[in-house]
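Each structure below appears as structure tokens.
What follows is chain A paired twice: with chain B in the first complex and chain C in the second.
Let's turn to the complex of A and B:
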């Protein structure tokens, strides 16, 4: 009982903390924070696709260094990036990529006993880890320097349907409402439980909690629908478009485009 | 299961975005038509709840823990198309905002978990649950199987996507540019974890939530259970045509087949009339049916006394007014079945009257 509830509570709290910090960073006065969200979304997505498409480690490394510089000028603490992004990606992708060093056939670079390190294996692992780290850092930069509603509005430049943008926006807001409900449920359960529950009881508790949460969310959806209808909602969705690109934004766009072109030129 | 950026080539990512697009389009159109103005709040709030449920740390048998996607629960509660939308939305927020899964791989993640997961979970659930009552334990099994197999099918798709990367994308030295393992490694590597831990987590959450809904909110299971009676309705309709149709058909077939009894040779042991003991042909049959033991010369006294106690209206399944023995068998069977049904009908009515 203790471990299940506490682990879930810790996970939920970490998510809430991350979201709160991200929102705070997104409105701080950094370099990327000042850029028009449309330019930023297009530019950073362009960099991510380039990092994924690139076939030279130097190009991917260059993009990673650029991401570090962008993080620093945007006042995003590298320590936070290390905890939130680099360490989890390294642990996950490293666990997958490192065995490839030994399992990929090719020219042997070193050997100990029966274990052989191959050149294609090392390069393959390096590609995987560097791409994953670079793309994850760039993704984090986008979210840590742009308030979520602006990211969504900016998605309209990619012809993302209006209704999907609205759903994504509402979902994001309701995540925190339901997150609070889940936290309250787990805390109240924890405060009423003495001793350790059997494993089967813990599973039943988890399933029931999920069921209650889904059931509450459907009730909430009904209430929200009624509230929307009472305010005249007929099914049409409108977004306020208040972005205005200035000369500096066009410079940023040109800069992003130049980096993408150079990286792709290096790769192919 | 959440594929990060860098594991799949841009071409694979583009292909899976393109593969997902028609499903998203159809899902959006169908959900809009079905829910109208309700779509926006329902999908948003349910996607948010699914997102939170995905974060639950589920205790699994063996002492380990795991996270579920909750795709089977979404498919069972919302139906497959709305589930595709809700899970895709949750995956998008996970990828873009929380970095769980890549942005370029979002199409692949949605294709595997939201599309394959929702459609397979729904199909398995409907297939196994059939027309069982909403509160039937069969629906819990159906949800468990739907959760287990849908997540494993999604994992298999991810394993195939990983496994084809080194075949298609490598540099001049043979170094894999994306996911490095071929199909023979990628598929087992994906499946081992999902057949055990992730599959179990999905199974537990799906079965557990459906079991909870059966007890607390059965109405939430209605939309994907057309024609399923609730337990109370099921008991009330137990005598109805739909429930008893197979029994009536079986009874009709048996009635039609009753004349086959004429084809049977010999006599049934113990079903002898007093006069059979005087008939040489029947005596041989009695001896054959009794392990060649010689029957008594005359019918036993007790049998003679009791044989005349009751004269059946249709002796030996051959009513005296019918010449055709086959029709006599059929008529006797119909009369017998009818009498039994009548008795039970009257008894049922009597019991219903006495019920409070």
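Let's turn to the complex of A and C:
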């Protein structure tokens, strides 16, 4: 059995690898990667809202199939989506939806002993899981085909509050600094550790690491604020917007709009 | 607005125009809670000069730079820039703050605190955007600076994915893009490989054709003669000595007491021989 320190190190490295892979996909030459980020944010947001609002499973299924096709033409491996998106979403929504199959009152579809599967229960679970999977897949498509800074810029163009965009951007950036610090701390600990730590020692190590990281991140936050002030920051953030939509982007926007209209027509 | 003070003095019937010091520190004290970081420092820096703040770790160099950049305010004493006191109420006024930030830039020791934008391009554009430059001017200036620092190939990279040397160059570029009159540098070559060190030093020597004011905090004595015309040696938050680099660097006893050089031993042939010198540049022992 691997030690606590080694498992933590592996977790930190996996997170860093995940981020590196996602960034690599975002700059690869797939179909969605070429689309203007503003069009992508507007179009995918429209598809997500439609999937969540739709009252027909066929419409939601159609949007999910569309998301799969977009993933394939954007060179996003479906296996990765399975591991990163579908499995966690299925586990999470399944934990909520599966009990509803048995607990929701309505016409019984099947019964084993005292356990009854009801039609409204199955429909409710199917809606919950399909909506969540479709919305999560579409969101993943947006962030896996668009560098994160561009997503933030596009959000700002759509009048997303500046403070929120600035916090999102800096959080993403400093997660890696803190991650590297944590990795260094655990590597240093590993180099001085022999054998497997006792449970109490593992708890002590986790608590002390969390404390030191918190202290370092507070210090870092203070210094970052000073560095921002030093370059003229007075509380308001200004961004340079340099996106340029071409004819193909307008075609994509029209395509997204058409899909949304068709899906909504099917639903209502 | 910031305006230079001009004094006139009459000597032997001839009137000279004498510019006052750009930075003037008068008995500045700054504390971190109970710890006194800067303890009664008085110094002045003339426009166009290159000054080194020398001192070991914890001697107060970085704090002094932050005071000079108007990021901290003295607990007692005063700091003036171009005849204007650097006080909280002044730096909270947009007009004064813009004028000061346009003229003075600080490069932090740890580039990670300075690189908070999503891409290198955005990092360089951050300062000009805060100072409300026009879009075309920002684009031109950012591109020029990327070329100057030879980091054009990094423009769309996120700063957290860069190497230590690249981060340092981007941090420097993010300040040089504003073309400040005064550059404050905190350990500009710390933790860099020799080639990156040399590139940064060459850049600083050539920057602004030598007409800019550069104040560098460092404990790297090997750099001093290249980057400074005048030095202040800080020890325990006080100025222990000042003068031209060749004068300050000759005082071995003072440098040893300030922990900037130390005695150590090497094998020489068959025996061990004691030496005293700073460990800041490549050297060899026979």
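Simple rule for what comes next: the second predicted complex is superposed on the first by the 242 of 268 C-alpha atoms of A that agree within 3 Å, B and C clash if a C-alpha of one lies under 4 Å from a C-alpha of the other, contacts with A are read in each partner's own complex, and residues count from 1 in each chain.
Heads up, the rule we're going with is that a contact is a pair of C-beta atoms (placed from the backbone, for glycine too) under 8 Å apart; a residue touches a chain by one contact, two chains touch by 3 or more.
Just so you know, these numbers come straight off a predicted model, no measurement behind them.
Partners chain B and chain C fit side by side in the overlay (superposition on chain A). After overlaying the two complexes on the shared chain, residue contacts for A:84 are found with chain B alone; chain C is out of touch. In the superposition on chain A, A:115 makes contact with neither chain B nor chain C.
Judged by the touch definition given at the top, the superposed model places A:230 against chain C, while chain B stays out of reach. Of the two partner chains placed by superposition, A:247 touches none, neither chain B nor chain C.
Put simply, more of the residues of chain A are touched by B, taking chain B and chain C as the two choices. Seen from the CA centre of chain A, chain B and chain C lie at an angle of 70° in the overlaid model, rounded to the nearest 10. Look at A:238: by the touch rule set out above, it reaches chain C but stays clear of chain B.
In the superposition on chain A, A:194 makes contact with neither chain B nor chain C. Looking at the shared chain after the overlay, A:149 reaches chain C, while chain B stays out of its contact range.
In the superposition on chain A, A:104 makes contact with chain B only, not with chain C. When both complexes are overlaid on chain A, the residue A:211 reaches chain B alone and has no touch with chain C.
Once both complexes are placed on a shared chain A, the shortest Cα to Cα gap between chain B and chain C comes to 8 Å.
Comparing the two interfaces of chain A, the one with chain B and the one with chain C have residues 148, 170, 172-174, 177, 220, 224, 228-229, 233-234 in common.
Only residues 3-4, 7-8, 11-12, 15, 18-19, 22, 45, 48-49, 51-53, 55, 84-85, 89, 92-93, 96-97, 100, 103-107, 119-125, 127-128, 130-132, 134-136, 139-140, 142-143, 148, 151, 161, 163-164, 166-168, 170-175, 177-179, 182, 199, 202-204, 206-218, 220-222, 224-225, 228-229, 233-235, 237 of chain A touch chain B when the two sit together in their complex. Contact residues of chain C toward chain A in the complex are 66, 69, 71, 94, 97-98, 101-102, 105-106, 108, 110, 112-119, 122, 125-127, 129-132, 135, 138-139, 156, 158-161, 174-175, 178. By the touch criterion given at the top, residues 4-7, 9-10, 13, 28, 32, 36-53, 55-61, 63, 65, 70, 73, 77, 85, 89-90, 92-93, 95-99, 102-104, 166, 170-171, 173-181, 185, 204-205, 207-209, 211-213, 216-217, 220 of chain B touch chain A in their complex.
Touching chain C in their complex are the following residues of chain A: 20, 23, 27, 147-149, 152, 169-170, 172-174, 176-177, 220, 223-224, 226-234, 238-240, 242.
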